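Pasting the structures here.
Here come two complexes built around chain A, the first alongside chain B, the second alongside chain C.
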Partner chain A sequence: MSKAGILQIAGILVLLLALLVLPNYLKYHHQDFMIFLFINILVVVSYRLMTLTGEWSLIHIVMMGVGAYTSALLSKNLGFPVWVSMPMAGVSAGLMAALLCFPLFRMTQFYFLIGSFAVGEAIRLAWIFFVYPFGGSSGVSSIPPPELLGIDFMEPIPYFYLVLSVVTICLVILYRVENSRFGLTLHAVHWKASLAESVGVNTWKYRSLAFIVASLFVGIAGALKIHYLGNVTPHQFGVGTMVFVLIWVIVGGYNTFFGPILGAIVLSVLDESLRDLEEFRPAIYGVILIAAIMFMPKGLESVPSGIRQWFSQRKSPG
Partner chain B sequence: MSLLEVQNVSKHFGGLTALHNVTFSVKAGEIRGLIGPNGAGKSTMFKNIAGFYKPTQGDILFEGRSIAGLAPHDISSLGIVRTFQETTLFQELTVFENTLVGCHLQAETNIFSAVLGLDKGKQKRAREKSMEVMEFMGLIERRDQLAAELPLGSQRTLAIATALASGPKLLLMDEPFAGMNPEETKQMMNLTQKVNDFGVTIVLVEHDMKAVMGLCEYITVLNFGTLLAEGSPTEIREDARVVSAYLGGGHRH
Partner chain C sequence: MAKTPPAVFQQRFSRRRFLGTTIAGMGAALTASMPRISVADAKTVKIGMNIPMTGDYAPWGLPGLYGCEIIANNLNAAGGVEIGGDKYMIEMASYDHGYDTEKSVQGFKKLVLEDDVKMVMMLGGSTVASIIPWAMRKKMLTTTLLPSDITPDTPYLVATCESHPLYNVTGVEWLAEKNPDLKTAVIITTNDIEYGKQSAATYKAAFEVAGIDVLDTNFHGFDVVDFAPIVSSLLAKKPDIFCMATDVYTTPIIEQLFHQGYEGKIVSCTCDGYPDVIAKTSKEFVEGLVFQFPDFDDPKLVGGDVNFPDPGGFDAAFNKDHAGEWSAVAWEYPSILLNWVESAQAAGSIEPTEVLQAMKSDESPAHTFGPGKWWGAALWGLDNAVIGDWPVVAINDGRARIQEFRSVYNWCETNVAELSKQMKDLDLRVA
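Our next item is the complex of A and B:
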């Protein structure tokens, strides 16, 4: 293994260790914040897998909801242990995505974006309309937490460790997907679908697979979220939330694996520090988005290398 | 038996007839020239064969089997690969990665083996195949360069290398010499011959008559979407109908 590779792994281990001790030094609501931050990281990273094929959807958050409702209903109504209902959340979101491939991937680009929005809203309406089993507009509440060795998962610290473990495993898998043959093919589909087709790539299949895998992971994220909150409503998965995901991804930069993570972290921290300015949030976000698009079209991820370049240019003029 | 048989193929775009009742066949091992003035329907013919268009009428047989209307990726998995008239590459990927994508048919894995690393052997063979193809096409020194940064000649070579990596039996080349200087054209002609010697049947669409006459034993001429003439280079050069079609049409050279 290369030296850089060892350093990278060492860095990640140190980071994980830091994350293991960190919550013990945080206030209660900051512990909450960390839990939602890690869930959001899984949301943006799985979304990025979808965007690798060049298609941006507005249904990602609704797929999170599909996972959330599945896990809520399985655990509350049918008495499944959360350890079973949570993976089932991923499976059901993946299956739902597989069904939706047929109408959705007849479209591309702008039409796909709008189509995905329409289908997502239809699913959300179904949750509101069918009071049994989805609980209508007020959703499902009193969702049980996971149970293991008497640990109290209502408390933020144990739940944070659970989220940290699940999200880390998911990120490792998603990272491997992106850097595998499969990821290369997704890039190929994005950059030149016709050429990919002509060397044998079934582009429809790869667009669909990216959507299914992204939905699977965001479904798990949905389950993680609602077993902590204890309730699930259709409003948690509205297009407003989706817009936040888009902003995180765009501001962070979607050209690398770590860009969206950076975007989610920086903007969530910012958001947290602006808590008192609640009514200005949309305006602030708007300004940030416009500034990001204007001044760093490649996102926050490009800032370090940009600064390095700027310095080296100053040192050696010409 | 012919490798490729085009039988009475017509292609209409609304009211426009791009191809009308065209029939010809290509033997295994040939380098076939497909020529004609601008707008004659050469690229349209390629797109019909490669599955990008479905013929309005007629049939296309490959190794005796009808392929008209199959999807492009199905046709390429049978062994027909086209290159594009406009240089078409994965601009954002390196030369190596371009050829690696070209190996798709042999290297495709399911997502589970990809994540668990169970496809290591397969991916190793794909990398070896890519190296072989880059070596063969003289691109090995440029392997880590981005496709977008290559000079035109190398870009066209890379397009062919990517096609070749997929292991085609029949290669459809759409104007591979366009925009090249005489030196590059000569190199490309040698490469084309080399690919053919390697066992790949080639259909070549090209406006550079010297190149076509030099490479092909047999030439098919299209004009206004119909088959105008077929024959050896000498016969075609002396065919009065071909000469007048080129004088009347928008011949480039």
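Our next item is the complex of A and C:
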């Protein structure tokens, strides 16, 4: 392993250790914030996997809802243990994505974006329309938390560790996926689709697989969220929430694995600190988005390299 | 039906009137009667409000905070409230959840664990449902304006003021009595369970009991921008009464009724923005429009069984600083706050479980418009809502004026089977 690789792993381990002790020094309110932040990180990273193929969708948050509803109904109505219903949430979101591949991937680019929005809204409206079993606009409430060795997962600190564990495992898997042969093929499908097809790559299949895998992980994120909230409603998965995900990814940058994570962290912290300016939040987000597109088209992830480049240019005159 | 007879509800000494008197200027006398307790010695008790203060639902949150601050300031200016031998100043702690379930959970926990509030007031619906598991486990006294949030598993959740949408029955009952020639109605409402369908089921039951046929019910989404076709299709049924079961779109719907030449009666659950409605239609068109929420400078709120200190003064104080922001919650949350003060004084404690016990042990609890009764087991599985009299309001010469008070409790006791049937028909939860 190279020296840079060792340093990277050491840095991640230090970060994980810091996260292990962090909740004990936070207020309850901030412990909750951290839980939702980690879930949002899984949302944006799984979304990025989808974007590797060059397709941007507006259905990702709805797939999160598919996972959330699955886990809620399995655990509450059918008595499944949460430890079973959570993985099933991912499986159901993946299966739903597999079904949707057939109509959705007949389209590409802008048409795919709009098509994904329409299908997502249809699913969301079905949750509202079918009061049984989805609970209509009120959704499903009193969803049980996980149970394990008498640990109270309704309290923020135990749930923080659960979320930290699950999200870390998911991120490691997603990172491995992206850097595998499969991940490299996704890049090829994006940038050189015709060339890839000429050497036998089935681009439809790879686009579909990216969508399915991304949905699987965001389904798990949905389950993590609702077993902490104890409640799931269709409103949690509206296009407004999807817009926030898009902004996090765009502002953070989507060229590297860490860009969307950076975007989610920075904008979530900013969002929380703007609580007293709630009415201005959409405007502030708009300004940030425009500024990011104009002055940081590669996102926040490009800032360190930009600074390094600036210093190196100063050091080497001419 | 007449106003609730005294025989039904035990006449009681109104601590709230005592509070009102105190607020009106007896602070000095109070201080004199307890010379050893000074304001400097007073402790502070925090009351939480986990409500929408921004976004689409803000009109059902923010005015309530303003109202509570007026009441709390008045109580504090009079030296605070004495509970269990200690003097307490009231402090409001608020959190804006923007009607988002995720933020509702965060806000509730912050208020309870960081601000150490002794009661949390909420609007209701999914934002209440999301906090129920945790709140009930913590035995935190929580209030809602939607008693349909109450289930057998929510012993610490109470609805002590608004009983949405049960009060609607009084408006229909009154209208039918005054206009026996009215025989048909149509209903328009939002398609959500928390507000729209609950209200539609209640109106349907009220119309059924009053012998009025409901010709059609339109459940529309929250994304409607043009009500012309919906209103046209409903008016094609030629109804005697046009009923709006939720208030979110009152103004554009009444505008459509005006432009399409409707000449029948209009009934609405609420009509907080009626001056705006008049401005967009005409005073003559909305004359006689029946709804359920009074202005607080209404002469009929003075005296009688009304349990709200100096409603006119409160109305003036509110409009002085927050003109144009009045909505029903402006007095509803303060009313709940006053309920809490009375119960805490009765309990001699500020602890949530003891205050709740004092609340529930009062068989005839003070309700804003007179003595009430704990009710709800027949519909939601638990008697945790206080219902009593409620005013029937109609627009007369451009002003909302109380026509009379009627008993929601008596109606519910008599007609709960019909109400339950209508709720079930709309797939609503019934115990």
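In this section, the second predicted complex is superposed on the first by the 318 of 318 C-alpha atoms of A that agree within 3 Å, B and C clash if a C-alpha of one lies under 4 Å from a C-alpha of the other, contacts with A are read in each partner's own complex, and residues count from 1 in each chain.
Methods note: a residue touches a chain if its C-beta (ideal position, glycine included) is under 8 Å from a C-beta of that chain, and two chains touch if they have at least 3 such contacts.
All figures in this text were calculated on a predicted structure; none of them were measured in a lab.
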Worksheet item: Based on the superposition on chain A, does the combination of chain B and chain C result in a clash or a fit?
Response: fit
Discussion item. Quick check for you: in the superposed arrangement, does A:R181 touch first (chain B), second (chain C), both or neither?
Written reply: first
Worksheet item: Which holds for A:K192: it touches chain B only (first), chain C only (second), both, or neither?
Response: first
Discussion item. Between chain B and chain C, what opening angle does the Cα centre of chain A see in the overlaid model, nearest 10 degrees?
Written reply: 140
Discussion item. Touch test for A:R308: chain B only (first), chain C only (second), both, or neither?
Written reply: neither
Worksheet item: Thinking of the overlay built on chain A, is A:R106 touched by chain B (first), by chain C (second), by both, or by neither?
Response: neither
Worksheet item: Just how close are chain B and chain C at their nearest CA atoms in the overlay, in Å?
Response: 33
Item to complete: Please name which positions on chain A make contact with chain B in the complex.
Response: 173, 176-177, 180-185, 187-188, 191-192, 194-203, 209, 213
Worksheet entry | In the complex with chain A, residue positions of chain B that touch it | 50, 52, 71-73, 76-77, 81-84, 88-93, 97, 100-102, 104-105, 107-109, 111, 114-115, 117, 119, 123, 126, 162-163, 165-166
Worksheet, complete the sentence: Contacts from chain A onto chain C in the complex sit at residues 27-29, 32-33, 36, 128, 131-132, 135-139, 141-143, 145, 154, 156, 225, 228-231, 233, 235-236, 275, 278-279
Worksheet entry | chain C residues within the chain A interface of the complex | 53-55, 96, 98, 100-102, 105-106, 109-110, 113-114, 125-126, 129-134, 137, 153, 191-194, 197, 427
